[in-house]
Amino acid sequence: MNVNAKLTEKIAFGFIGASIFTVVLFVCIILYYIISNGYPALSWEFFTSMPRNRMMEGGIYPALIGTISLIIGSMLAALPFGILAAVYLNEYAKPGKIKWVIEMAINNLAGTPSVVFGLFGLALFVRYFGFGPSVIAASLTLGILVLPIVIRSSQEALLAVPMEYRQASLALGVTRWQTTKSMVLPAALPGIVTGSILSIGRVAGETAPILFTGAAYFLPRVPNSIFDQFMALPYHLYVLATSGIDIEGTRHIQYGTALVLLLVVLGVNSIAILIRRHYKKKLRLN
Amino acid sequence: MGEDFLQNFEIAIKVNNLNLWYGDNNALKEISIDIPKNKVTSLIGPSGCGKSTFIRCINRMNDLVRTCSIEGEVLVYDEDIYNEDIDVVELRKKVGMVFQKPNPFPMSIAENITYGPKIHGIKNKNELNRIVEQSLKAAALWDEVSDRLDKSALDLSGGQQQRLCIARTLAVNPEIILFDEPCSALDPISTAKIEELIMNLKKDYTIVIVTHNMQQAARISNYTAYFLHGKIMEYGDTEQIFENPRVKSTEDYITGRFG
Amino acid sequence: MVFKRRHKEKLIEATLFWIGSLTIIILILICLFLFRDALTLFSTHSFYSFVTGSLWYPTADPPLYGLIPLLLGSVLVTFGAICISVPLGITSAIYISEIASPRVASFLKPFIEILAGIPSVVYGFFGLVVLAPYLQLWLDLSTGQVALTGSVMLAVMALPTIISISEDAISSIPSSIREGSLAMGATNWQTIYKVVLPAALSGISAAVMLGMGRAIGETMTVMMVTGNAAVIPGMPEGIVESVRTMTATIALEMGEVPIGSEHYHALFAVGSVLFIMTFLINLAADIIKKKYRFKLEGS
């Protein structure tokens, strides 16, 4: 082996090492800034009190409740349809054109910009269905946004259920639907839960789709019905950081809100990973 | 197709001129066979000769294979099971199946047994408990697991899992049970237990078993059919097949000069 | 009873079919509702001047809805992001799948997952309060809210997509190919560079396409850090000037326009352009991916 080749390898690996280091460094810097600056703002009061004095003081209570409402609403919309769509694709659909088109549609939906979902939600739910800017319009919009995630992760979970289980169940004279309902879905449940949890993280963090479908700039109360407007954590952060009354003076509230968002998203993701780890072994036949 | 040696018996399964294709692979050719009630009939032959394919025709598990097409008749108690009016679900209740690899569901032992009965409409707790006990006893597993019915079935040994699968099949009250090489994944002791079980079961059930192991066929079956290249080369009394084969290829296979 | 059950199964299958087709229906609905509101614009405003107009000035009299500055803004920021994230992403993927030990790789992967999980508004916030001031200082700019800031943040956001899909492509190369090369006395790097990367090329291209789709459609981050000046960016100095992307325009202005006005429809027209662009990018990625799967299986 000649010296040149070895030298080239050294240089190349040096670059590669530097680049992975850069990526990790990015993550650390972002986490460091948000956590170290956001941590002092966190307190029980921060979570449970209304924004006060034109949002220059006080907490994030209504935004927290708004985000939780969105999570519940969008999951109610996306989970049943997403899981059943995955059931159709994995348990019923025959390979062919229709399945191909559906898979294509899922990929495209997954790649559609979130602001486009915002426009769609505005045109369909807010205007056409006449919901107005509201929790329900925003939840449905977000539900559509995460539908591809729910479908994909449910499909993966269904795929992990061994074929043998289905065969054994069918051989007992159990219909396909009963097999799916009583055998396949329960076995796939942990995987499906993992996927849904990941989509919760997504719902909590998305801003563009709720801009025109119901998020309120400032609304110092919790929404009183699904047709009411709401505050939400990500939009609240955006407002404080770009168009608040005292942008510099409320940095600590901004960092605090960013940290809460980060905690929600990362917390939810780590729960998902733990669930996945815990149940991975349990499905396998020996 | 009345074989002389079956003259005095009631026929459970009657197959006439069955042809089966996977795409354009003609996996079963002109199969005709009568399988008697409450006897053990074994299917032997080199691997790839179509034994599993054949046995899966009897409860229509081949319906799950998209490329599969079938011609001919399969009658179970004189009913053509490929007739359009036949309900596959009812058929499979009547014709149970135990697979090569033990495949208990990832549930508790008791739930594995009650899975079928519950779905078929039995709700009563006592009745379900009775079925659990009865099925496990019939599968000679009760003594080993009666104290841990709510533990995961996946923690059982391979042999116990296979007996659990048999018990699970018994729990839906089939009349015919198909076994596709049920012992090929098991150790000799577990195998012996299952063989004994099968011999006991024949009092109440018609049994068709695919086996790779000729001693096993000789030990447990009343009748034996020898498959080769998708055809039945010879079918007869087990004793006759093993001691006095009429067809040259059967003899070759049995004496080990083949496959 | 048998009859009833069979009917029930058929009914369930039909229902599931419609639910399965829901994604297609939604996609069609998106096209319908987006394009319908967009096309209304062209009853009062010329299509030609929308596509070729060099001024986006909706409050002028008469209002000007020229797409070009927004389109170029999006292209510039995305191009910058791709220039940063493609080399970083591909080399990181090489490191994780070819060089790192399994233990190191399993230590690195959570970092990538964290990157993927951070909400875009948090990226935007970080870009705005941390990165922009630093860039302003280092590059001696009048403001830090410029295209470059957006590109850097978008690059970070596109990294997880690029890394994870490239990594899939690289690890799906059979190890026999690597061993063949190593056995001939090639170094590790020569093997990666001459054998593994070319074999994974189409998978990596798909990764780049998807990363690009992600970057061009990103809204909150660019809106918070690129300054939002709706002017045609100069090349190349536009990278350190404020720009405004299509996504930011929609997000910024939609809140203020009267519903059903000409401006409202103009924003839908911009949204339609964005949707069509990402649709084509995703389609291309899909086709490339399919091709490469086919190629690998064929060999």
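Side notes on the structure shown:
The first chain written gets the first letter, and so on, giving A, B and C; residue counts start at 1 in each chain.
We take it that a contact is a pair of C-beta atoms (placed from the backbone, for glycine too) under 8 Å apart; a residue touches a chain by one contact, two chains touch by 3 or more.
Note that the coordinates shown come from a computational prediction; the quantities given were computed from them, not determined experimentally.
The chain with its C-alpha centre at the largest distance from the centre of chain A is B.
With centres taken as mean C-alpha coordinates, the chain found closest to the middle of all protein C-alpha atoms is A.
Mean C-alpha positions place chain B and chain C at a centre distance of 55 Å. Separating the centre of chain A from that of chain C, both taken as means of CA atoms, is a distance of 17 Å. With centres defined as mean CA coordinates, chain B is found 48 Å away from chain A. Of all residues in chain B, those touching 2 or more other chains are 89-90, listed in ascending order.
In chain A, the positions touching at least two other chains are 175. Among the residues of chain C, those in touch with two or more other chains are 5. Chain A meets chain B in the complex at residues 94, 162, 164-165, 167-175, 178, 182-183, 187, 282-286. Chain A contributes residues 1, 5-6, 8-9, 12-13, 15-17, 19-20, 22-24, 26-27, 29-31, 33-34, 81, 84-85, 87-89, 92-93, 98, 101-102, 104-116, 118-120, 122-124, 127-128, 144, 147-148, 151, 175-177, 201, 204-208, 211-212, 234-235, 237-238, 241-242, 251, 254, 258, 261-262, 265-266, 269, 273 to its touches with chain C in the complex. Those residues of chain C that touch chain A in the complex are listed here as 5, 8-9, 12-13, 16-17, 19-24, 26-27, 29-30, 33-34, 36-37, 87-88, 91-92, 94-96, 99, 108, 111-115, 117-126, 128-130, 156, 159, 163, 185-190, 193, 210, 213-214, 216-220, 224, 247, 250-251, 254-255, 259, 267-268, 271, 274-275, 278-279, 281-283, 285-286. Put simply, chain B touches chain A in their complex at residues 59, 61, 64, 66, 89-94, 96-97, 99, 101-106, 115-116, 118-120, 154, 158, 165, 168-169, 172.
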